[in-house]
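The following pair of complexes shares a single chain, subunit A, combined with subunit B in the former and subunit C in the latter.
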Partner chain A sequence: MSVLVIDNGAYELKIGYATDDKNPAHFRVSNSITRSKDRRTYVGNEIENCRDYAGLTYRRPHERGQLVNWETQKAIWDNQFYGKTSKLVGMNGGKPVDPSETSLILTEMPYSLPALSSNMDQIVFEEYGFDSYYRCTPGSLVPWNDIRELYNDTSSRSSPVSECALVIDSGFSSTHVLPVVLGEVYWPAAKRINIGGKHLTNYLKETVSFRYYNMMEETFLMNVIKERVCFVSLKYQLDLEEAHINKRKSLLRIDYALPDYRTSKLGHIVKGATSSNDSNQVLTLTNERFTIPEALFRPSDLNLDQAGIPETAINCVKLMPEEIQSMLLSNVVLVGGNAVLPGYKERIREELQSFSPQGVNLRVGMPVDPISYAWQGGCRLGSQKDMLSKAYVTKADYMEHGVNLCLSRFGIKKMDNSIAMD
Partner chain B sequence: MSSASESPSLIEQADFSTVPKPFKSESWKQSNKRYKNLKALVTDEQKRLASLPPSDDKATYFSIEAPPSLRPQKHWCDITGLPGRYKSARHGLRFYNVEIFKAIDEMAPGADQQYLSLRNANVILR
Partner chain C sequence: MFLVQEVEKKTKSSISRSSGPVQTNAFGRKQRAAVTAAVTAASAESTSTSSRLRAVNKRLAELERENYHENIKIDIPKRNLEMIGGGPARTGLTPASRKVLASRKTLANHFDDDPASTKLYLDVASSPSAYPSRPMCSICGYWGKLTCIRCGARYCGRACEETHLETRCLKVYA
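Coming up: the complex of A and B.
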């Protein structure tokens, strides 16, 4: 019986079989069906074969992080499970996924609507017919990794799961702060900020369209530019003034040569002085580089009445039982796509330090690959069959007891303080 | 009445629906609505929660929203975007200096509300 782990993110799904390897093989697949200007459709990663990225239209199964459109999601999964171009199938010697011989670990957004969760259970068992299934949030998989490695802590771990972790998961649709105790999310303290990578891309798109070129149709390109150019500023006011005063010569200025779709597909950053023989249109970005990601730390910039990531994290910690508050602050883990932004970790550490009580040993850790870290945790869980068998629901049980079994087994558990303090 | 039952009327002859259609799948049904969008789902969830007995300690989709910041808000001039240290008592608009204040003072009625609505601060009395 093999164990398939899917971290079903709104932007990319992370998929692979659970193994004992140090670096288990997994694939990141764009979770979308894309249509190009020449009216061709591309499912998932097939978009890499597209020659012209201009004016792509996306259909995504998720809406604000919630999986609403199963028609699209099923097409993407089928492509991964059975498709000829699927790397997952290729890795397994050309053998497609056989759900009846496979256990599934699947993630969904923290506090997904119950109606959508039970849709998911039904599709997993009734459409695909997986043998057994465990549904959870990406955050709760994180502590299955050995998070001590992130802090260069060499003390050995006694339990298979890290006892305490404050997971800050900044994804595509929203950012979640989840205190995870013994592999379970403590729900009364969990918090969601409605800002994610999608909003940053859209904000950059709008800003650039207002100031320079109309980019409203070029979501794909703006996302690439955001990933290559944006960073989180550690001294925001100073950088802002620097960008304003020294507009032409500022070190913060970057020229980005836009793609012409003949010689380049994605464009590139212009190194050194702008060469005159470069015929591409050039987009010059200065304060856009750091004012856009600043929205993660000050959502009020986007008229969102919520606190930024560090303040929400501290709010969340204060809602926890006092005994474990300092433990959580010494085990902060940053995951999700936005964590890749340069300066993100340092900024969060700096702000958390100023918020946290004196004498707390604040440790902020970021894995090498924050995007797939939750998947890797799922892989660790999946390779420990005895742990997994306690958690999952088998198809026989599902057929016997129905959807309610999954809802009660994987649902929001109310953990009282006595358990949390063990 | 009796003549109609003996020989089929024109309308019965012209009726397609009884003609066998071997090319058509028996099980296929057109569905007009494919899926519910999030807005509808969230409304359903609100209704469901309202029907449950109230309890404080249960986390819901809505309760895990992060609260607003406790730090003092930054103030910006509504006209220029510069730091807005002053607030016009009559209009509620923030402004940078006297020059801007004069411009605000001479504004046509209603224009101030438009500026306020840019930052969701306009008050609409019903």
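Coming up: the complex of A and C.
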């Protein structure tokens, strides 16, 4: 019986079999059906074969992070499970996924509507027929990794799961702050900020379209530019002044040569003095580079009336029992795509430090690969069959007890430590 | 701001005073004119804040949208040949899963169906910040010390004010 782990993100799904390897193989697959300008459609990662990235439009199974459209999701999954070009199939010696011989660990967004979770259960058991299945949020998988590695802490761990972790998961649709105790999210303190990578990309798109060139249809390109040039400012006031006073010569200025879709698909950052024979259109970005990601820390800049990540994190910690507050602050883990932004970790550490009570040993850790870290946690859980067998629901049980069994087993649980304690 | 408060005060007192028909007769022409002016000003103020709120919400909704054009329909390609053994036999194996796969419901529909869980979902949203917001220039991104008296947008100086008035000023006269 093999264990398949899918971290089903709204932007990318992370998929792979659970193994004991130090670096288990897994794949990131774009969770979308994309159409190019010449009206060809590409499912998932097939988009890499597209020759012209201009004006791509997307169809995604998720809406605001909640899995709404299973028709789309099934097409993308089928492509991964049975497709001749699927890397997952290739890794498994060309054998497609056989659900009846496979356990599934699958993630969904925290506080998904019960009707949508139930849809997920039905598809997993009735459409695919997986042998057994465990549904959870990505945040709760994170502490199955040995998070002490992130803080260069060499003390040995007694339980299979890290006892305490404050997981800050900043993804595509939203950002979640989840206190995870013994592998279970403590739901009364969980918080969500309605800003994710999608909003940053759209904000950049809107800003560039207003100030420079019309980019409203170039979501794909703006996402690439965001990933390449944006950073989180550690001294916002100074950077803003610097960018304002001396816009032309500012150190913060970056020239980005836009793609012409003949010689380049994505464009590139212009280094040094602009060569005059470079015929590409150049987009000059200065304060856009850091005022855009700043929305994660000050959503009020976008007129969204919510606290930023560090303030939300500290509010969340304050809702926890007092005994474990300092433990959570010593085990902050940053995951999700936005964590890759340069300066993100430093900024969160700096602001959290100023909010924390004195004498707290604040430790903020970021894994090497924050995007797949939850998947890796799921892989650790999946490779410990005795743990997993306590958590999952088997197909036989589902057929006997019906949909409500999954809802009660995987639903929002109060502090239920039964999985990790023994 | 002070003016607005004054106007509101006046409106309230004038409404309470004008509750009886006998007292209305006691109003002089000057007073009546003042009341009319105050009421018009107060209603103008409330419509402008609500229209500002509407503009803010509209923008936040736009930031959720990945495709610029609305109602883009992308069909799922049928290419079972590229799947090993033709892929899964057929879709919709049981009535329940067929129903899920055929569902055209949007998230908004699901929210309407289940108000209790929707409230739970909405309540997890982080509360507003305890710190004041920083006004940013809506044109260039620098600090926005000045406010447009027509639509409330922020800008940093003369140049950005002009750009704002030419392009983005939202005020619509009803």
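Operating definition for what follows: the second predicted complex is superposed on the first by the 415 of 422 C-alpha atoms of A that agree within 3 Å, B and C clash if a C-alpha of one lies under 4 Å from a C-alpha of the other, contacts with A are read in each partner's own complex, and residues count from 1 in each chain.
Throughout what follows, a residue touches a chain if its C-beta (ideal position, glycine included) is under 8 Å from a C-beta of that chain, and two chains touch if they have at least 3 such contacts.
In this text the structure is predicted, and so the values were computed from the model without any measurement.
> With subunit A superposed, do subunit B and subunit C clash or fit?
After superposition on subunit A, subunit B vs subunit C: clash.
> Applying the document's definition of touch, where does A:66 land relative to subunit B and subunit C: first, second, both, or neither?
Both partners.
> Looking at A:30 after the superposition, I want to know if it touches subunit B, subunit C, both of them or none. Which is it: first, second, both, neither?
Once the two structures are laid over each other on A, A:30 reaches no partner at all.
> Have a look at where A:110 lands relative to subunit B and subunit C in the superposition and call it first, second, both or neither.
Touch partners of A:110: subunit B and subunit C.
> Taking the superposition as given, does A:75 touch the first partner, subunit B, the second, subunit C, both, or neither?
After superposition on chain A, A:75 lies in contact with subunit C alone.
> Determine, for the superposed model, which of the two partners subunit B and subunit C contacts more residues of subunit A.
Residues of subunit A touched, subunit B against subunit C: more for C.
> Going by the contact rule set out at the top, does A:126 touch subunit B (first), subunit C (second), both, or neither?
second
> In the superposed view, which residues of subunit A touch subunit B and also subunit C?
63-64, 66, 68-71, 110-111, 113-116, 177, 190-194, 298, 300, 303, 305-308, 311-312, 315, 412
> If we count contacts the way the header does, which residues on subunit C are in touch with subunit A in the complex?
Against subunit A, subunit C makes touches at 56, 59-60, 62-69, 72, 74-77, 82-85, 87-88, 91-94, 96-97, 100-103, 105-107, 110-111, 113-114, 117-118, 120-121, 124-131, 133-134, 136, 139-143, 167-168.
> Quick check: in the complex, which residue numbers of subunit A touch subunit C?
Result: residues 33-35, 41, 43, 57-60, 63-64, 66, 68-72, 74-75, 78-79, 81-85, 89, 94, 96, 110-111, 113-116, 119, 122-123, 126-129, 177, 190-194, 198-199, 202-203, 206-207, 210-211, 216-217, 219, 240, 243-244, 287-288, 291, 298-308, 311-312, 315, 403, 412 of subunit A touch subunit C.
> Where on subunit B does subunit A make contact in their complex?
Residues 34-38, 41-42, 44-45, 48, 57-61, 64-71, 73-74, 119-120.
> Name, in rising order, each residue of subunit A that touches subunit B in their complex.
Residues 63-64, 66, 68-71, 110-111, 113-116, 177, 187-188, 190-194, 298, 300, 303, 305-308, 311-312, 315, 412, 414 of subunit A touch subunit B in their complex.
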